[in-house]
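Structure in structure tokens, see below.
The chains carry the letters A, B, C and D, assigned in the order they are written, with residues numbered from 1 in each.
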């Protein structure tokens, strides 16, 4: 076998008290698609940062196959042909797609680089995501999250003066709907067949098993298994990750829902035929392709029911953000403060926050959602992406809100935790809370009592009970009528 | 005959009582002049902030507005020269006063600021023949008036070497800034025999001395009513003696009449001087009577005064 | 499908519309302004402001804010007026050193991760002090060539307009078209991704500060060319004017969203607003307030065009 | 012990206090120990005025990038002018006069936020425009005439209790209130959250507009209060009495260690910075430097303090 594209030897990294990586070895050869899985906080993004040159391991070494000698850090990785799509979006929102391409590819220079970049990027976008309607002169900030993710992926697969040798995809599908995700995975397979390598990180095991040639499982900062994909079944993969697979949460028929009082009732949008209704204790799914108005609907529901001027008590509605960095976390604060901000009213007496009460509520939710941290007073940014998401979850559930809006909240949450959260949601719904849940994952849509399918900003179908399945949802999102 | 002529006042600062008095005097005197059909218009303009660049733009606008004469109290003696030159080139008479401009085509009604500084020391030399320590209270750094008065004070100290300046602070011509600056240095100063000022900051200095429980020195005042009041109170209580000197805000009206005379075709020398307004122990009570409460001691000028000043300069 | 105007277009249309409206108002109040000389008198003092606004915009583009531009322009003006006519070489050396100092400030701010507001606030004292040291009382003189340049007359178009267009275009090429410009705005938009792409954010920031220093120096020189001399406080107001110009021109304080053409138009608008008021002949008591009112109205105009955000 | 020391030195406010102490010591070296008491008194007095406006400015700055209130100087002037004009040296009107001042603060705060919210003008420009209007109002209302404060009020503002200036006691009281607001109350959490991400704050259920409105209101009221006290202290209002406090109010906030990017602020730092800003000028005056050198040194010292303060904080 030729020299690996990248070879990590005994890499260790600690952040204060957290040991994020402990002596990890990882080789990636040309023509290999390595699937990397592990629970939230296992160290996946950290190893990505090490390979990408952004983090220098405190001990251990890293070598790139084709890199020029004498370079280090990011430039060594880049000259070795390593490209990386990060877990959190990392384009410059104020620049156009073409300008982002210029920043990412030093080779795009000289007169006419704009035209050259335009041609390259739109070709690549069409290649990976055929049929997309992204304009390459558009400013990135005007794109939806899914579109940004698509652009970032395309930019990383771009060949300017050197083809990429290893493309790292850190949860690339988390904000793509399933159709786009399939297109991406197809491209990954093509790319790998052509001799490139990919490091794919995902919490959706189907993607890992269908796309990778080899699977590496991480747990608590170390590699616990690394075998060809054929050696794994979904069950054994989950077991390797350390989670015990549970019974798939069953919907079960819930009696009496039809009689529960209606608490939201919105007239249909001008072009649509369906009213939006929500009953007490119901779990309502918002489905459809990404970016077709589900998030807008959640935002307007929230805005209509919460005041921007007066503190409202008791709080009636809560929101769980999907786009953490944009509308979720408060980066300067500790985990605890990020959690308690949603429900300060209940934690305080005479407008003053009671520290002891805050602590105890924090501890309770740390346990309930299994937030992996030694100390709730650490900064929120010290948490891995998935664990930050759990904090947002806990923030909403710890309020007495009767309606909880969820904007694709399970993005990047590992399977074990997902199962926990699903059962919490069920229990809370039984107790009378209403959940309105936008999700890009079909499994989650199937957990709902009722589903509205969105297309072009309005509701085009309503599904109930046994009608809720992948087939119907897809049919409605493409053709606009429920089968 | 100037009854059809329009005169504009270009002012760069309205943020203190002196400038307010200046504007009020202008308003009063020019209104009468318009009523008497001496000129057609006499508009006053003030910039939003005390900046030469803004005033230059203001003067350029006046050129466009077709004024026949522009009377300016300039933010800087030199920074307006470009705009003033443009005005002269457009055939406009430019008369500067208080803050004068150096552009040769303009007229200047100057106050001898140097002498204003020097005379303070001269006065002190009579009061304190044996000399003593002085605290100098300056204005805004980098401004022409500040430099001139300070130069005069230093010249005075050279002339009367029994005085020694032991401290010098900038009060930015603002009461509270002066008070703060004096309070800050006072602890480090030896016995101070007198405070020389640039006008209007005396009351602040007096308060700082009082707050620090130091013996009140001879503080040269600047014709503000509150200063004069304080002085009078001290005088009545313990015979406190000092003097007060400043330029009269009404000098704007003199400039107005001079501009009118030039428009009338009179031959006027480019450089005129006005005396500063000085108040002494003897005329304190009288001055207080004529000074508006909270205002500044003032003199307004008539056409005849202007003719006299012009004739004297010949 | 709702209409999608490009954000860059919206950014420019608002200041441009304000400028046109104000200009129409000025012409209506004072038809004499509608002439070659009139336009020159209306706009020539906007030239240094436009340069200072570009300087501020470069700093804002990297998410910083420069509170020292006013004193720095004053300092540059003092150096120009004092040294340029007699010892041009020394003058150039001092100005070059000042630009280097600006670059150094950028360096320190980035390396120590300092808030730019505080550092530049401190620097504003330093520049002010240096200006007072060089020119304790107003004076100095514009070099002949500079005076000649600033009062040059072109056939047909007033100099002030030509200069503004040139400044706008040069800045546009530099900031919107060049690679360095892309990198500078990229740092404002997402510094982390720029550094992940293998760029040195440090170098980009230093370049932005140095360029800003250069434009400020040009502003100081242009100012001296117009006023024929300098004083230590001559341009203090440029700090706020330049910030207002950038915002008026459609820039944002954070996120690297700036528009050089808009900034120049913003500077012209601000200058014109002052003239508009003198033509209105408001009572002196309210002239200051009216400046505020005009600012409010002009900025309020943005609302009409940018209803989409929310 | 070491740990304690370490944790003290990571406090953002420690540096402004250190700087204040060092400048104090350097000044006293020249003046001799005897003067230190009166210097301390003067420092406390004058620092309090910067402190009071600084507290308000800090709340606004905490709201995040771009939030700053430039109308502070004009508000100081207007409230000083109108309150003194209203009282017209009549001691029975001292309290109503205070209410007049506070009322002016409320008015300016409402107007500021109306511009920011209704016309969506960026706060810096909105408050700047407003300051022009307010300043005009001050000029128009009494044309810069100096009216004396009531005797009793003037005596109170210049007086001492147990050797401590009354003004400083008022400042202490106000800073205790602001400290409680920031550190203990829900409101403090809210402004900090808004400062970090207004959108996230909105989605966490915080009444963002209400909170921002109250903050601008508080800032204007504190400025108005400062104007009332300052005018009474210095024997009358002047049209330029607020000018000093534009840069000063921002400087004390940032030197005091509050994050300019918003979201993080602290009260002790403002005290340290206010003391320091007064002492620096006194020190340089005491050493007898010329204006140019003095300005330069002031700037360099500010930068030095900031650099020193930055060393430890950024280890996260």
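One rule holds for everything that comes next: contacts are C-beta pairs under 8 Å (C-beta built on N, C-alpha and C of every residue); 3 or more make two chains touch, one makes a residue touch a chain.
Keep in mind that what you see is a predicted model, and the values were worked out from it rather than measured.
Which chain pair shares more contacting C-beta pairs: A-C, or B-D?
By the number of C-beta pairs in contact, the winner is B-D.
How many angstrom lie between the CA centroids of chain A and chain D, rounded to a whole number?
Computed from C-alpha means, the inter-chain centre distance equals 44 Å.
What's the distance between the Cα centroids of chain B and chain D, rounded to whole Å?
32
Using mean CA coordinates as chain centres, what's the gap between chain C and chain D in Å?
Result: the chain centres lie 29 Å from each other.
Among all residues of chain B, which ones touch two or more of the remaining chains?
In chain B, the residues touching two or more other chains are 14, 48, 141-142.
Using the touch rule from the top of the page, what residues of chain C touch 2 or more other chains?
Answer for chain C, listing residues that touch two or more other chains: 128, 131-132, 136, 287-288, 291-292.
So which bits of chain A are touching at least two other chains?
Within chain A, no residue contacts more than one other chain.
If you go through all the chains, which pairs of them touch?
Result for touching pairs of chains: A-C, A-D, B-C, B-D, C-D.
For chain C, which residues are in contact with chain D within the complex?
63, 67, 108, 112-119, 121-133, 136, 240, 243-244, 247-248, 253-254, 285-293, 295-296, 299-300, 302-303, 306
Using the touch definition up top, name the residues of chain B that touch chain C in the complex.
11, 14, 23, 43-49, 51-54, 56-58, 60-66, 76-83, 85-86, 102, 140-144, 146-148
Of all residues in chain D, which touch chain B in the complex?
Touch list, chain D to chain B: 27, 30-31, 35-36, 38-39, 41-43, 45-46, 132, 135, 139, 142-148, 158, 230, 233-236, 238-241, 243-244, 278-279, 281-282, 285-286, 288, 291-292, 295.
Can you name the residues of chain C that touch chain A in the complex?
Residues in contact with chain A: 4, 6-8, 179, 182-183, 185-186, 188-190, 192-199, 255-257.
Enumerate the contact residues on chain A facing chain C in the complex.
For chain A paired with chain C, touching residues are 52, 54, 74-75, 78, 84, 86, 90-95, 99-100, 102-104, 106, 109, 113, 138-139, 141-142.
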